[in-house]
Structures are given as structure tokens and as C-alpha cells.
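What follows is a set of notes on a single structure, which appears directly below.
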């Protein structure tokens, strides 16, 4: 049985900030949801099902918050699911929502992903000490920094590549009114001059901690055809691998390579660099841009940094990456993956405002999580898939 | 006696929550020794006010001040209170329909025994002297109990943030395989386990070989000397950190093991640490040992030539 | 819709599991049971999905290590819900319906004994107006029990009958951790615990895990003579606020049952009722006839591992199709306080 066609017909997100002190958790979700529903010209009552995604409950100190949120989200009387696949959750959640339409179970699904991490402290929630184990990890940055060092060594990359990515993404964010960080004047030099946090990762090469939410309305073909500029879902893939395994490649994980290969095959793409017009890739630490460019098949192994250095991933380049400012500019962890998927959808719909790239026909949304072990990605296009 | 190592873990944080406009009204009311209800689109008065109307899904904008008296709609007896509950002696949880409200509120009633509770009984709020604007500012008692008039201050600041401490105590158990590893450490030994399917030696051992999904059980002692595969220099202080920065956090591939374990590199300036550097464990004094990897204080350079990149590059 | 059936099921229930809260060691033999039942290896499984909770384990990302039990290199198509594995089953069924895969294995696990369950579940509430009172899950269920008694919908005797029948049935269930029939009089003579609930009215705190194998079309017929074909699968939710609903009924359970095709002809219904009175609510809400045999396994009162308990009800019901004792069954799962969220899975022999 083939998947039925489905499309994104509404996108909404919050103004992401370090602390959204003006809203409760419910208020944060509704801000994104209400924007997505308005965009889709739909009411909450019309929605058939709601799929919620978020990262560890310890961030907000609420266990299974979709239960408390059911009434506020308009989910009473409907099916409600809550996905949690670590950092990739925003993406997986969008994929589950798409599946409901692609399988013909529902016609209109609202999906929302959020994090209100200012209510606690993200580093604490990620690093609650485990008995008997050495607390050597220093948060997520401390986990990934050694693997960034491995990439630099393996690829022979010059030291300033991370700074190019950081400056690019932060400047792109200036064109995104929803982004958390609106740091004027970020340059390669200013990034390199910022404090080295977990050598080789500089302060300005790291993502912020944000409160925020993202929502989408995904609908079936009939509804999409009558809607304003749908973003048609061409393909979706999820892959996982273990955290620790003998000779596991943490720089270019097998799950990432296989997910991308499966995705390109699903959508009939053989030359991703040429056939994808822009990409929203999950880059929480700047060096992940060249790493993922290679893993996703946009560049040969060891050459991802050359694309970045040549400016090909800038908005004016041949493969713009993270025109929204990416995870480096806004990082409500549970929502970050969905923001990537949603921003890709906005680009093919021509609705990305000031950070729109001209002529985007097909775009990639990508998310990863855990110890670079969970991957979810999709391709959306301005035309229905064949 | 259990076969696994166990230790207590407390997960605690004083969550600091912003509440939004509707809850602000309700909580400010509580600070003022008043219950504030919300009027829903179908004309009901609901306490606490719903942030969003159950039918129209619009934000609640219509509020009502309610008296501090009401009727018990249902109740139960908490014979063994747990930490954090409103009273530390047995009490009743109840659904209380305040006079003027259409739906009941979940709260506590302070009476000496379940004989004093009944559906339909009348109760009144006993407000705390010191109120912060939280649901814990009040408990209920039978109506007619002598109660002091609560002090009310005029012109107070908005509630802003609500602090809700969450503290949960757990007993953490290591798996049987991990327990063997930690017990080995208590004897100064590094014990890995080999997977019967792929033959790889895991240090520390996992509950199952992550590649094959089968239990590892063959014990393999590995050396306390190894190679730094990759590392980072931690400069950043953070909540919960226990080692003072700057320090080198490294993956050390012990001789005989097939995965690297994370540890500290000391006794060498951080900027001189290199991928491929040969290091050896520096153990704490024996009388400080326990069932923990912390028996090894850190790893230090052995002075041997660096390991060839080819020997460890597939571990990156 | 594709024809999808349950073709494998395994479970472990313990009073006190002394292994790690990630339960990977517990899952390894359970997955082995599933492979034995189907003749498959992990490479025959197209999609994996698990259900568990970080707060039960006391750490973030507690579900991650569990995938070691699968063996996930080469990488797998895998997802996770922070819900009972019954909802992981829903996601897996959905994946098969998209046509992307033909087989799936779902699993759920929970080490409730790692913390104090009555306190942990107080976090499953409104964080502003409910959790600060730390209302424990037993008290919330007890408020519902009394509401029914006050309204004359059930009484203590009816609750005790549920317990007695369940405990008697549990004597034939090797997996049950609490079993042994007595009599209604004996049960009513026991002291109150959370008036009007007695200890035996409440499911025991249980550690455990379970796994279920799903397969489509011929893949199901390859491994089972009588696959338990899923002919209805739906879930729904009510408000968490006890004051906003009539606690003596379960609208979300009724809606889920209706969307799953109704209860006509259901011979056996395994109900996830962690409190005795909740079986009475569900019987009514699902529209079960008086002929329907309810929870012949002994139900949740005989053992209720968190995040696997609902899946176990579905698995137990599926077994009744496999062993020929029924042609149409249902498995039910619940989540949240006082039956807030409900899932119904109807299975038939064909």
C-alpha cells in the first residue's frame, strides 16, 4: 500500500527567548498552535488529532505534560500522542503526524513541539549525576567537543570553519523575527575571539537555551490542494543506533548516513547537492554543519568544510543552510527539530519572509538527538510527489 | 542481599514558573486570601479558572471572586501522607465546590479522622498567615471552626514567578554487568566483558552488546594503560559540576578494550594533551577506594611515544 | 487499511527488580521470547517503538540505553513515546499502515520501585494548581471511587467482587505478582487504605516489561495459525481536571471504543483498571455486554508494571485469539489520573 499524499498547510512558532516570562507552558504551546491554525485557515475544533513532542520531562518538572495540557491544547475528545526521541524529537513528532495522514487515519493533524527550559536549568537536567559514574561530561558541549576534534583531525579542516558557520547562522537570524538570538555584528573574528568553552568549541559556536514552541498543520491531498501554498511531504525517514558501540563512528554515524541514503532513495534524488535547493540542518554546535553536510551526502567525506568555507551554505550560495538562523540562534530543545522541518516547509511555500531564498522547490528538514544516534529527516516540495 | 550495586539519587529542583495572565489572577487572589474563578463560555464558574475555555478555546477573560466556603463533592482519606503533601498527619483530599462555583476544586481538608468527613459537608478555607500566591496558601477545615481573619495587603506586585520545588528520591541500581565492573574497581581491577557474538570487549560493560542485543558475560581484565583517542578541554563552569575547570575530558581506549571510556587527563598542561597520547591510570590511595570509577583519580601521560593514528582512528 | 495482526507477546513482572532503571537486561530475554514465538531475528523487524518515562527512572533520556537490548547496529527504524507501550503499539501500527514496513516490535518497561510511585505520579498533573499539593495517584482514584458510591453507580461490594474474581483468575497466571481468591466478606473486612479504597482495590506497585510483535498480511500468517487481527485501534483523552468531568463515566474510553468499531461480539475484554472501581466504569463506558469475560488474566490488580501495563492487557487478549478460546477480544490501556486517557484495541480471528 502506498502512502497517501500529505502536505503542511500551516506553520506557527513562538518568539523564542531565553525566558518567556509572559506565558505559562500552555500559553507557549498555544502561541505557536494558534499561528499555525490561522495560517491553515482552520480552527482547533476542526483538527482530527494532536501529536505533541518534547524532550526530557525534567526540563519543566512535569511528567507527561500533554496530560495536563489536554484541555488547553483543545485535545479533549481527540486522540493525543506524545513522542520523545531526545533531540530529534521535533522531527520525529512531525513524522508521526505525517504518518497519520499518509496512512489515511486522519485528514487534519496538528502537531506541536515545545520546551520551556527556563523553568529549570538545561545543563542540570541533562547532567543529573549517576552513582558510580565519573561526572566528566560537561553538558552537551562537553559530550560533542571531543568528536568535533576528531572531525577536524580526520578532515584536515582549518580551525576557522566553525566560526564561519556561527557568523553565517547568527547573521541569518537577524532576518528571522522569531529567532532567540539577534546578535548584530557577529564575524568570524569575533567568534574566534570568544571564550573557548570546551576546546575546540568556542562560546559563540554554541546554541542558546531557549523557551519556545513550533506547530504545524498537516493535511491530506484534498485539503492541501485547496490551501494556500502547501508544502508537500515527499519523504520521511528515521534511524537510530546505540550510544556506545565498539568502533562506532561518532563523527559520521552510520544511522545518519543510512537515513540520508534511504531518504534520497525514497524521493528519487541521486545528487543531493544539486537537487535540494536549501536545507535546515540541526547544527547545535557550529562544526556540525560540515560534519552533517558530509554525512547527508551533500559533500564527499572530508570535504564538507570546503563547502562552508567557499560560502556555498550562505543564503547566496548554491546550498543555503539554516537561513532561519538554525539551532545556533534558537534552541528550545523539544521544538528545535520541528523548527527545522517547519522552516524547510516555509521555504518551499515561499513564506519565509526576509530569510526566504528565491526559487526553493525542494528543501530538507533534519534533526538529530542523543549521542548523535537518533536521526529524523524529511524532504518537502512545492509540488505533490510523483 | 541484591546482586547489583545500589545508591540513592535525589532529583531535585526549585522550578521557577511563569504563569501567564489567567493563572496570575488566580494566584494573586490566593495571596489575597480570595478564590478567583473563571467564567466559561457556557456560563459556568470554574475554579481554578481554565487558561483556555474548554469549548471556544479562547483565553479566559471573565473572572469572579468567590467566597471561601463551600461543600465537599467527594473525599478520600490519606492514611499515610507522603512528603510534600499539605499536612504531615493523616488528612482528607477532597473535591470542594466553592459557593458560587459550578465545578469543584481539588484540595485538602484538615480533620482528625475520616469519621469527620462526608460528602455534602460544609467546609471553609483556613488561610496561611504568610501567603505567596500558591495553591498551598490554604487548606480547608469544617465550616464553623474558629478562624482568624486573614491579613490582606493592598497594592501588591504581580505574582510574576511561581516557585514549585520538586524533589524525588530514587534508589539507583546499576545493572549486573556494571556492578561487576564497579566491584572490580574496588579491587583495583578494570573488568570488561566480551560479547559472545561479535567478540568485542566493552569497558564499562553494557547491559547487552549494543550491536547484537545479547548479554555479555565473559569477563576480560583490561590494562589501566591506554591511548587518548579524542578529548576536549572543559573551561565552562556549570550547575552540578564537581571538577574545577579547566580540565581535560578525554576518551581513553584502554589496552585490551574495544570501546573508549571517558575520564580526566591531569599531570600535564591541557594544551599539551594530544590525540594518540599514551596514558596510565593514577589511582587514589587504596583506603579511599569504593565501587566507583572515581578510584582512578585521573589518567596521566606515560611518556611513551604517541600511538600511531592508524591504531585508533576507527575509534573516533 | 492494511490487515495487521499481533503475532508475538512476552512479559516479565516482578515485585522488585534489582537491575538498572533502563531495564535493558530485563528486555533481552523478553525479546528472545518474541523471536522464539515468531521464528524471527531482529533483522526481520521493520520498525521498533518503545514506551517508558524518564521520571519513573529518575533520569533524562532513560529510554536510550534500552535499545542496547535490541542490538542496533546496523541502525534501525525506531521511535519512542513517553507513554504506555500501548501507544507505542499505536505508532507501530500506524507505521505499518503507511506501507513503509511490514513488521514491528514494540516494548514498554518501568522500574516503579526505583522511586516512590505515589509521589512520582503527582508530577503527572497540572504543575501550578495540583502538583504543589502532591496528590498521590491512589487518592485521586479514591475520589473517583467515592463519587461512584455516592451516586449509587457502584458500591463496595461490587468493587470487592471485581477484586475477588481477579485474584481467583490470577491464580492461573504465572506472571501475576498478586493472586489468591478469598471471598467478598473477607475482602470487606480488611481495613481501609485510602477510604473508600482498600489496599487490594489498588494495583500492586510492579516492576516489569513487555513486548508485542505486529505483522501485516502474509507475514502474520507465516508465523501464526490464528493471528490476532487488529480490526479496531483508537485512543482518546479527557480533561485532567477532576472537577471538569463526571468521574463515574469515561467519555474518552467510550469515544475510543466507538472509533474502534464498538464492543458487539467481544467475548473477552482485558481492561487496564489499576483500581477495582475503574473496571466498573470501563465496563459501562465500553458498552461491554454482561456475557463478556473481563480480564481473565487477573487484570492490573494482579500486576501493573508502569508503561507496560496497558500493552500487557493487549497481549493477554491477543493470546486468547491464538489459543482459540475466543474469536473477538479487546485490550484496553489507560494513562493519567482517574482514567483520563484511554486506548482500545479490538482483535479478531479471521
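Per-chain residue numbering starts at 1, and chain names A, B and C are given in the order in which the chains are listed.
To be clear about the criterion, a contact is a pair of C-beta atoms (placed from the backbone, for glycine too) under 8 Å apart; a residue touches a chain by one contact, two chains touch by 3 or more.
In this text, all values refer to a predicted model and were calculated from it rather than measured experimentally.
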Middle chain, criterion being Cα centroid separation: B
Chain whose average C-alpha position is farthest from subunit C's own: A
Centroid distance [mean C-alpha coordinates] between subunit B and subunit A, Å: 26
Intercentroid distance (Cα basis), subunit C paired with subunit A, Å: 33
Subunit C residues counted as touching two or more neighbouring chains: 55, 58-59, 65, 67-68, 72-73, 120, 123, 127-128, 130-131, 239, 241, 244
Where subunit B touches two or more other chains at once, by residue number: 9, 11, 15, 17, 19, 23, 50, 54, 164, 166, 172, 174, 178, 206, 210-211
For subunit A, residues that touch 2 or more chains besides their own: 24-25, 58, 60-61, 71, 76, 125, 128, 130, 242-243, 245, 248
Contact footprint of subunit C on subunit A as seen in their complex: 1-3, 24-25, 55-65, 67-68, 70-71, 75-86, 92, 96, 99-100, 102-105, 125-126, 128, 130, 237-243, 245, 248, 253-255, 258-259, 370-371, 373-374
Complex interface listing, subunit B residues touching subunit C: 2-4, 6, 9, 11, 15, 17, 19, 23, 26-27, 46-48, 50, 54, 73-79, 82-86, 93-95, 97, 103-108, 114, 119, 134-136, 162, 164, 166, 168-178, 206-215
Subunit A-touching residues of subunit C, taken from the complex the two chains share: 1-2, 48, 53-55, 58-61, 63-65, 67-68, 72-83, 87, 90-91, 94-95, 97-100, 120-121, 123-128, 130-131, 234-241, 244, 251-252, 255, 335-337, 340-341
Footprint of subunit B on subunit C - complex, ascending: 18-22, 24-25, 28, 31, 42, 55, 57-59, 65, 67-73, 111, 113-116, 118-120, 122-123, 127-136, 139-140, 142-147, 150, 192-197, 239, 241-244, 247
Subunit A residues within the subunit B interface of the complex: 19-27, 30, 44-45, 58, 60-61, 71-72, 74, 76, 118-121, 123-125, 127-139, 141-142, 145-150, 153-154, 195-201, 242-251
